[in-house]
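Look for chain A in each of the two complexes below; its partner is chain B in the first and chain C in the second.
And then the complex of A and B:
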């Protein structure tokens, strides 16, 4: 029993949750507006896009892969889909999603194909495709913005679920993009935990050779993994348009590192084999809450990077300690076995 | 599989070849007819630089020069330097450049000037190896002007905040500091809350930051956003909160992007400049130099339609900000 509790405490999710709770309580003492429905709903809306991106990155990271092109994929899908919707397709939100998922998945499959075919490190391939996707888009669009976006796209982010009303009559509530993020998170969690394909991703990330020996088709798996990553980037693209209601060719550039940092903070190992949806959500939330609380505490925004760096270091430090203890136990078991 | 791959690769190479070839015929048309050939090289292909292209061509027509644009696909200094060198080899008479990086352009500029090519820059004061640098705004005056506009709309009192793109973008921070200095000097009843917030390049971040600030400072009356996305993001937050009439938002957002916000009152004003005014002036000045009238470039000269600059060494400074509100935001192409 005691051992079971210890096991639970060792999990990254528990550590993150503890940090979040402690942080929230500390902030709440100084800034009473922190733990209000309105503030939390706003924070959730603001981090939904990174949240959605992080799910795709999670799947790829668990498989031992790496992707820096997902933002470029989203940017291209965003531009292409809105352009088509404005010019040729009389669509609705569903059509927009389907198109973006299709475009994103195709670009993801292209990544997967290159990575599988040339057996080159994924980071090199995706840096190249990132440049390729952006480059082609700039050549074709000449950097022009799409100023007007179909109205039905904005409705999703303006949706207020569990709406409440502020004193002046303005409504607030959980945004549709947040619901989208959580629904997608559930779907990805289900996929990773309860389907053969999903579980095989952990195996591939843990030990690719073993995975191949037990008969997992690596080509198919690589295509599937990067295809999913691309498809999720496509979904993030629609969420992003829904929030900002315009298409600016370079407007999500720079989100790459925030997302990867949140996924790694959430417990996914960069070498593959581990990671969970819940941890990733907590990683995204922790970054968002730190940012939010600095404003509410009226601490200069110059400190933001210091806090973020500090939190990442702290969590890696705690994890390293746990792992070292874990490793020591392993060695001991080995010695005992030899004695027998 | 190999065969399939080679077919794909060949198709790709042919395809991109066709794109480039097309680009060149577009640019190369009729260069022989005009007296001087000038090339405009902005930082990148972007909406902001559309007037840079359009107005330089208009100046070309007005002053009898052939002007065309060569833009890097991304804001990449190596690509830009390559374009500069290609243009030198093609034998243009003037290079009108908005450098991505002042230093990396120096060797190419030196080479150009050795060949008698006029080199003018924009957004790069004291650019080494350039003949002149042309600025449409004086950074200090620009920041102060933005503050004056904000103050007059806030009744010269109350709390306001300032957004910048990041805490390391030089221009934004010079403007922000100048605005703050102006407020301290002229508007003692106004008060900046907290510090500068680095959210102005990201509309989602600006929206969220505005919501947070309105929570902490319910009496916030003004937002000054240096960086293109700060104003629209703040506007979205005010729409959410139903406060579009209570808070003044002024931003350096391009008119077309800001138009929906200006029209419903969630933004009040765009304060910026037009890269087109700069390129128009650059063509005029390049022609003066090529015609051998360099001595005319001094304080007191006038450029038709743009105004009288202050000439300070190699820097030609206009005080020509572009102020856009709901009434005229539809008149611009960027």
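And then the complex of A and C:
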């Protein structure tokens, strides 16, 4: 077969797309309500928050870093922003976003500073800051819920683009949160592909020493990468409030690993250097589809983790298989060269 | 001043931290902290953090990590329930000695199998440990959830709950088991060929391979050892909670990473001693108990645990600057 076609087929995105299509068709046979505009719009809305989180995680993962504190960052900025909006600031959606991004970025920068300053593994630092952020928030807020979230925050998720009406009269459509996710995805994709800074992240993840040698300032880069991660977590925070309209201090605790799994499933290497926005979106979508099809097929939701775990293990195994074959080819080429 | 053997020890800062914290907590809490009840409660709880931290430490010796350790422990407890339930046809309380031992043996084999699978995928297929164990964690948690439907399962036979929850002559069984496990693992890590090979593999895998060490085999054994801790944890969990659930101790997963790091384990592999990790677990337990006695929010404990690492890092840096400054002064004189 043509080599270029082979190369394209080997890409993670194609594999994921194939799995998604096959899964969709299988579910469609058993549950005809699956491939309807209403259901798909709901699925997209449900996974938008994880989708937004995953973009920040993607940037950090590409750089060879690791972050488990992003959910804690989002939770803190959520609480802080709503509290400020209720007490002191008469804002609107834009103000809320700006404040959340600011708070999130600051916490991300704190991560970046510690990682760069101590030259410690990111996983250790971010586990500590995760506990630190959560802990401080709990102690200060005493775990109180905030109910009276300003209405203008909810408008975003209730927005219905390409609206349609269901048989029972309820309107549905693409949510504003989904639009936010895709817009942000485009922005991140543009940043990673077409800007110097974005491309340098791939280099840092692939070979940090080489990156330093060609004159990339590692301190600035680390701060930038974790700052972006924090900022995106701040955006996710506002999207999350917009959907649930209550600030519950522990509502998203413990979902870190789900997002990281989705990013890794999307083809980002945990050791850094590779990863794409498209793949990440597909990873998030696959998890959302599994969840949705369990509901539609009336399978107990306790099976969710089994499927997710199975998919993760299978995909990394396939990846390892490909890499082994790739390595063998390389060796063969070397041998042939020597014979010549 | 003549340097004693004590101050030369690499765990010196940990001993000092324990003493300072102990005095601090006693001053703040007074009698309550020093009471026999409290001290024995601490020795009752500490083995859980300690075992998870040690399991994490072992997996980090080769530069890996074992995120599946808590899920493995929970799954093992549920597996014991499944076996006992099947053997006694639904009446677990009435399990006799033979059934009891059969359940323990079968679950032990199961845990070792999971550990071996972890090690095999990581070593033979070159899969990053973080990823592989993340997948395994999700899968095991999923299977546990499917079996229990998310419910808590109780009514274990007394002989089983005694293992983790009972006490002999006032000493909690969990502490006795913990000390026994520590001695066994100390011998494995420091006195056997496997232990030496493990440290060597972690420090320099390429050199280890060229020294005719079967690196894959070492890593498989390493993850089996790590799973062994999950097995002991599950016994203690059954004893202390008198029940099993798919999500017990979930929040301790990352704490275990912190504890091992505090104990001087290098996540890049090759370095880390049993004693350091045990001392670090004691530190975390003192903080936890002390803050609980002060009636602070349990989340304050989490925050303090997180802050401790950052404080330790800053402290180490300042101490480093201080001592290098002293050396320079000495050179001038």
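Side notes on the structure shown:
To be clear about the criterion, the second predicted complex is superposed on the first by the 334 of 340 C-alpha atoms of A that agree within 3 Å, B and C clash if a C-alpha of one lies under 4 Å from a C-alpha of the other, contacts with A are read in each partner's own complex, and residues count from 1 in each chain.
The definition used in the following text is that contacts are C-beta pairs under 8 Å (C-beta built on N, C-alpha and C of every residue); 3 or more make two chains touch, one makes a residue touch a chain.
These numbers were taken from a predicted model, which means no experiment stands behind them.
When both complexes are superposed on chain A, chain B and chain C clash. Of the two partner chains placed around the shared chain by superposition, chain C is the only one that A:312 touches, whereas chain B remains out of contact. When the two structures are aligned on the shared chain, A:300 is found in touch with chain B and with chain C. By the touch criterion stated above, A:128 is placed in contact with chain C alone, chain B being left untouched. Within the superposed three-chain model, A:92 lies out of touch with both chain B and chain C [touch as defined at top]. Look at A:165: by the touch rule set out above, it reaches neither chain B nor chain C. Once the two complexes are overlaid on the shared chain, A:257 sits against chain C while remaining clear of chain B. In the superposition on chain A, contact of A:120 is made with chain C only, not with chain B.
In the overlay built on the shared chain, the residue A:139 is in contact with chain B and with chain C. The single stretch of chain B with clashing C-alpha atoms against chain C, selected from 76-84, 130-138, 148-156 or 202-210, is 76-84.
Residues 134-135, 138-139, 142-143, 254, 300, 302, 304 of chain A contact both chain B in one complex and chain C in the other. Only residues 31, 33, 36, 38-39, 42-43, 45-46, 49, 117, 134-135, 138-139, 141-145, 147, 166, 168-170, 172, 240, 243-246, 248-251, 254, 292, 295-296, 298, 300-302, 304 of chain A touch chain B when the two sit together in their complex. Interface residues of chain A facing chain C in the complex, by the touch rule stated above, are 66, 68, 114, 118, 120-121, 123-125, 127-139, 142-143, 254, 257, 260-261, 264, 270-271, 300, 302-310, 312-313, 316-317, 319-321, 323-324.
Residues of chain B touching chain A in their complex: 1, 5, 19, 44-47, 49-50, 71, 73-74, 167, 193-198, 201-205, 207-209, 211-213, 215-216, 229, 232-233, 236, 240-243, 256-257, 259-260.
The touching residues of chain C, when paired with chain A in their complex, are 65, 67, 121, 125-128, 130-132, 134-143, 145-146, 149-150, 250-251, 254-255, 257-258, 261, 267-268, 296-297, 299-310, 313, 317.
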